[in-house]
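Next up: some structures, all given as structure tokens.
In the two complexes below, chain A is the common chain; its partner is chain B in one and chain C in the other.
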Partner chain A sequence: MHDLSPITALGGSAARVETVGAVTLTERPDVALASVAARRGQAEACATALTRLLGAAAPAPGKSSAGDPFSAVWMGPGQWMLSADFTTHEDIAAMLKDALADMASITEQTDAWTCFDLTGQGAFAVLELLCNVNLTTFHAGNATRSTIHHLGCFVICTEPDTSVRIIGPRASAGSLHHAITTAMAAAL
Partner chain B sequence: MTPKNRLDGGQIDRNTTLSFSFDGKQYTGHPGDTLASALLANNVRLMGRSFKYHRPRGPMTAGSEEPNAIVELRSGARQEPNTRATTAELFDGLAARSQNRWPSLKFDVMSINDRFSNFLTAGFYYKTFMWPAAFWEKLYEPIIRKAAGLGSLSMQADPDDYDKGFRHCDLLIVGAGPAGLSAALTAGRSGRQVIVADEDFRMGGRLNAETFEVADMAGADWAAQAVAELSAMPNVRLMPRTTVIGAFDHGIYGAVERISDHLPTPPTGKPRQILWRIYSGQTLLCAGATERPIAFNNNDRPGIMLAASVRAYVNRWAATPAQRVAIFTNNDDGHRTARDLHAKGVKVAAVIDTRADAPGAIDYEVLSGAQVVDTKGRLGVTFVELKLADGNSRTIECGALGVSGGWNPNVHLTCHQRGRPQWNGALAAFVPGGTLPPGMIVAGAANGAFSTHGALKSGADAARKALGLEGRAPELPQAEDAPVTQTPFWYVEGCSRAWLDQQNDVTVKDVKLSHQEGFRSVEHLKRYTTLGMATDQGKTSNMGGLAIMAELAGKAIPEVGTTVFRPPYTPTAIGVLAGRMRGTEFHPTRLTPSHYWAQERGAVFVEVGNWLRAQWFPLPGETHWRQSVDREVMATRASVGVCDCTTLGKIDVQGVDAAAFLNKLYCNGFAKLAVGKTRYGLMLREDGIAMDDGTAARLAEDHFVVTTTTANAGKVYQHMEFVRQCLMPDADVQLISTTEAWAQFAVAGPNSRRLLQKIVDPDVDISNDAFPFMACGNITVCGGLRARLFRISFSGELAFEIAVPARYGDALMRRLMAEGEEFDVTPYGTEALSVMRIEKGHAAGNELNGTTTALNLGMGRMVSRSKDSIGSKLSERPGLNEDDALMQVGLRPVSRDDKITAGGILMRADGPVDAAHSQGYVTSAAFSPTLGSMIGLGFLKDGGVRTGETLRLVSPLTDLTVEVEVEVVSPHFVDPEGERLRA
Partner chain C sequence: MIINHPLLGPRDSAEFVYLGTADLMNRPDPDTATPEDWHDYAYLRDNPAGTHRELWFHDGGDRSILIVTRDTITHEISAVELALKTRAEA
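Showing the complex of A and B:
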């Protein structure tokens, strides 16, 4: 076991949590991520294998799939971003490589991103100040790429108006956090 | 005490009294008032001075079309000029000031301009201030700006915040008058997603200003009931205080919501305004209509207003502009104002109707076939002079005059995509026509349906049509459906100082003058006279100008056409266009994994794109950056230094064809790179010019990690995706950025291996034999943490780059510092990094400047002829391969104390100094602590064979008098044989 202490994307030793009104923004350093990109001619086989891993169909465009231990977001043709609990799946890339073998290229993405959960009644009121997502049709299981404060982010709906996951670039975590918290103060 | 002109009734909350000031004097009003209505209630008609002649002016309208009652609101940094008193919502403590007057509104010195009005006609500036030309900028313009101008700026930063937001709907309804509300009810009940935006703080439009009934109740009550029903619908979003400012492509509308303008200051954290981008499937424009004035002599005195605006003040705001009011009209609508005034107990002095067959009245005098020819009153109208039907004159005393020339549909948003309105002869007005923005339907008065019933019906019908609703049409509430006839009557014959555009002081005479001087196009008329410019954009004046122009040209109005309506519909604060993106939040900031550690060390940071990088790490006692940088360089070259190089782009390239892909991408060969090896690579653009350089490390047969320069990380990734998707669509290649996933540190210097040996796990052999120059591999560090190690060197020293998952970067940097203490390890920043790479002769962004080729960079032989790679063919162009092509060289000053300036131009030792004789230029320069003098890299014609030559370095941009003698040397100042990095 190595002895290096991690810091979160916001620079702390523990996850940052902010609450405004009924909405809470939680930094989620405990999310492990890896990209899965099907090799040539393997998109269907890869989707099938993912279905086994996820316990649900590999998500279609604009969709996500929440499962245990793995969840997934569609990212592009034959491409998905998989996530799992960091504490048990820090080596998510190696685990997926074992499961998918030569079907897909796997890349560790855990620390390329910072993950925030925006939860509580009114989360959509915050979101509409941040990104151009059609919230009238943003149902649970919908996911999209959108820019927030000029940053390319994944926006995933887990529960309309009450639970949204935002995954943005890690190095800009401070700017993204600032954008979300100012929007919370403005909207709530 | 109730103010003098406050009437009974109205939609104001009399339970609460608000106090406010205008030009320092205190007044009271109520919630629901605008600044203009409260001032009128307090018997204040004079609210401003006109732009050019400084004539006294009062409100002409009761809405956003207001040209005259332009004031400054608030004070200090929040002072906002050019705000319409007619839309400013009253709040307790509001401080408003008139503008464009000195020393006071009632006594304005500059009103002398009015006396010289004969000289100050249209085109005055163009004709008068022509000579001498040099005087324009220094003398004339400042004087004119001071004399004219409108409000003043605080010259302080705006303390408020603004937001931007995005909303989506099936149907956007612009305007919540009878048509808009009727449409909203129809659409809302269908369950579809509806947004209703209205610029007013109270929805209802004209229903709030009229007395007639809808569904057997007051129109305002029906509107309130409709709003209440709509508020309860989860699929309907009501947006009062929201102006739709523009109709843009693909059903996108810009809308400014005024969140806090009706409050003294925005509540903590709340924005002042929000710019919404509304994505609508369909749009209903229910923007209503604007009443048009009639021009006659001195028709601009305070108290002279549009008749329907008088009615709005009386009915909605329970405020009359005077106790005795006359009406001048050419249509039946003007008579409504007289009836409502009379009903409220205001004395109607007379109704002057231009029509011979005007309807009569019992309660007040109606003068048929009469016209107002002039008015009197210094700071407000006191008398109007009439020409009666029989030709006789008559003077009537009144404190206000309501004028009605008919109504113009508000077609503005229909024209934002270059559509032109069409002339409707029956209404004598322009109505929406031609090509509307896709998805837009127009209803209500905006489409020429002027009766209440017409508005309700057309709104409901349009909503059904827009949403494709089937079934029986909804039952409409009972409402008046009086026939509307409008006949053209633009100005009173024989008038001269009759104001068409009160905001820009354009008279009937000015329009005639411009015609006389040959301006035939309506667009030229606008520019020459300024008709229709400024904050009101001619909402009350354009039609009059067009009509007179048409008459003079002997054309019909539609032949003259209109000027182009452009966004924004009403004045929009620049702040709301910027939103939150200002100051330090102008762009997002990227922090390196060692940022917090570097901050603790007192690092000085530099912005590199969005990244903040440590530039150098000053130590106590160092007073100049050079001291820090020289120390960092010397310490690294003497022992070991560490630098965060996470910012370099890292792109994960996988797939069976990954090697073939890189072979195509880089001009040098990659197909045969062994697993566990790294290679320097140069990418060319299609045209053969160098695009970017970096390394590619082969971690497995089907797995590479490509690095790019910090500046080009995004561009290179984009380029690679293009190649993958478009040039090699059948290749098995997968790409993803991992730049931020890994914290990567350069560990450089003769002791770098010894330091790293304390970090890497015992089973990892990094000896020179096991891990030679350009080796790479997946390893573990600090007891099992996955890491990547690359033996590459930018500094020219024995060096490694070590990468760990970003979250551990901070800890690894601290560990390197702790373990490196015995070697006096030194963190170094981008300055030392740059000095060392110049000393080593490594190209960077300065050399890869978009004009240079591999040949120029001294890497001509790297371009493989044995394969096809992007840019290789065009790099063979003769023009890029001339005998005297620029070649990268090193430069040292002959006199060691001399300075080498980056950007300087190289000239021969003797001969002329001019562009034609340029021998090349300097791309990078630094003080080399290793050599003890400045050194430079540059491009020199045929530089490969000019080593030892002395040149002159000049810098025409900085100082032409300075010439520095420089010697051409090898660009590899340090360790030219590369022994150190292979050690």
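Showing the complex of A and C:
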């Protein structure tokens, strides 16, 4: 057996936390991700199965659904990104495959994306500098893909102005973190 | 320029990648197409001064391909459809 110690997307042994003013940026290595893409003609059946799994309707375009254990974000027609706690759902893709069988193609995404939570009064002021999401209509439960620092990221609103989740490409975690902390310093 | 996405509402055109004329969806049938058909499909384009149906890929968004009807003189967009839906209905 190799003696390897796990590191976060930013290379640390613990999650990085940065605070500027009242806003805190927290790296979230404890999020397991998997994408669900309905197979041809199966989008509705897949949405129904997801509804059972989520305990709430499968998110419509531009929406997300937060739940326990699974949360979901609409990615595209017939496509969703599901997340759960990493400690209990490390094998999220296999769990979803059991639930959705041949309705959808499931792809493990935990190591493809990295997750940041931006919390505290003024989070929207930071977001305003980072991406072109229309924040006046960005309510809790809204989620969209947008471009931050030339990186395609999912931006999820959990609470207007005070709580936002950003899911971005893991290979560019350092650049994304740099962009967000720079915007925090500029905005706050 | 703002493109009114049928699912996501108005989005900045900077999120999109232009993919050319919507005629590209009508690919010749490989079983029956002649070399001339392929030549026309690959190289010949109309260059209308006016209404043009074209494909825009939502690269920085939901990654769907849209058929946008745009006036090439004024840039006015008169219709936006999901290519997936239009193809399914064809």
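Heads up, the rule we're going with is that the second predicted complex is superposed on the first by the 184 of 188 C-alpha atoms of A that agree within 3 Å, B and C clash if a C-alpha of one lies under 4 Å from a C-alpha of the other, contacts with A are read in each partner's own complex, and residues count from 1 in each chain.
Definition applied: a residue touches a chain if its C-beta (ideal position, glycine included) is under 8 Å from a C-beta of that chain, and two chains touch if they have at least 3 such contacts.
As the structure is a computational prediction, the values presented were derived from the model and not from experiment.
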| item | value |
| --- | --- |
| Partner chain in contact with A:Thr87 - chain B first, chain C second, else both or neither | neither |
| Chain B versus chain C as contact partner of A:Ala112, first or second or both or neither | first |
| Which superposed partner A:Gly152 touches (first chain B, second chain C, both, neither) | second |
| Partner chain in contact with A:Ser13 - chain B first, chain C second, else both or neither | neither |
| Chain B or chain C, by number of chain A residues touched | B |
| First, second, both or neither for A:Asn132, with chain B first and chain C second | both |
| On chain A, the residue positions that both chain B and chain C contact, one per complex | 79, 132, 134 |
| Chain A-facing residues of chain C, complex | 7-10, 12, 14-15, 59-64, 82, 84 |
| List of chain A residues in touch with chain B within their complex | 1-9, 11, 20, 29, 35, 37, 39-40, 79, 91, 104-105, 107-113, 128-129, 131-137, 149-151, 169-176, 178-179, 182-183, 185-186 |
| Chain A partner contacts - residues on chain B that touch it in the complex | 161, 163-169, 193, 268-271, 274, 277, 279, 580-581, 585, 587-592, 595-596, 610-611, 646, 652, 654-657, 702-703, 730-732, 734, 736-743, 780-786, 804-808, 810-812, 815 |
| Residues of chain A that touch chain C when the two form their complex | 61-62, 74-77, 79, 132, 134, 144-147, 152 |
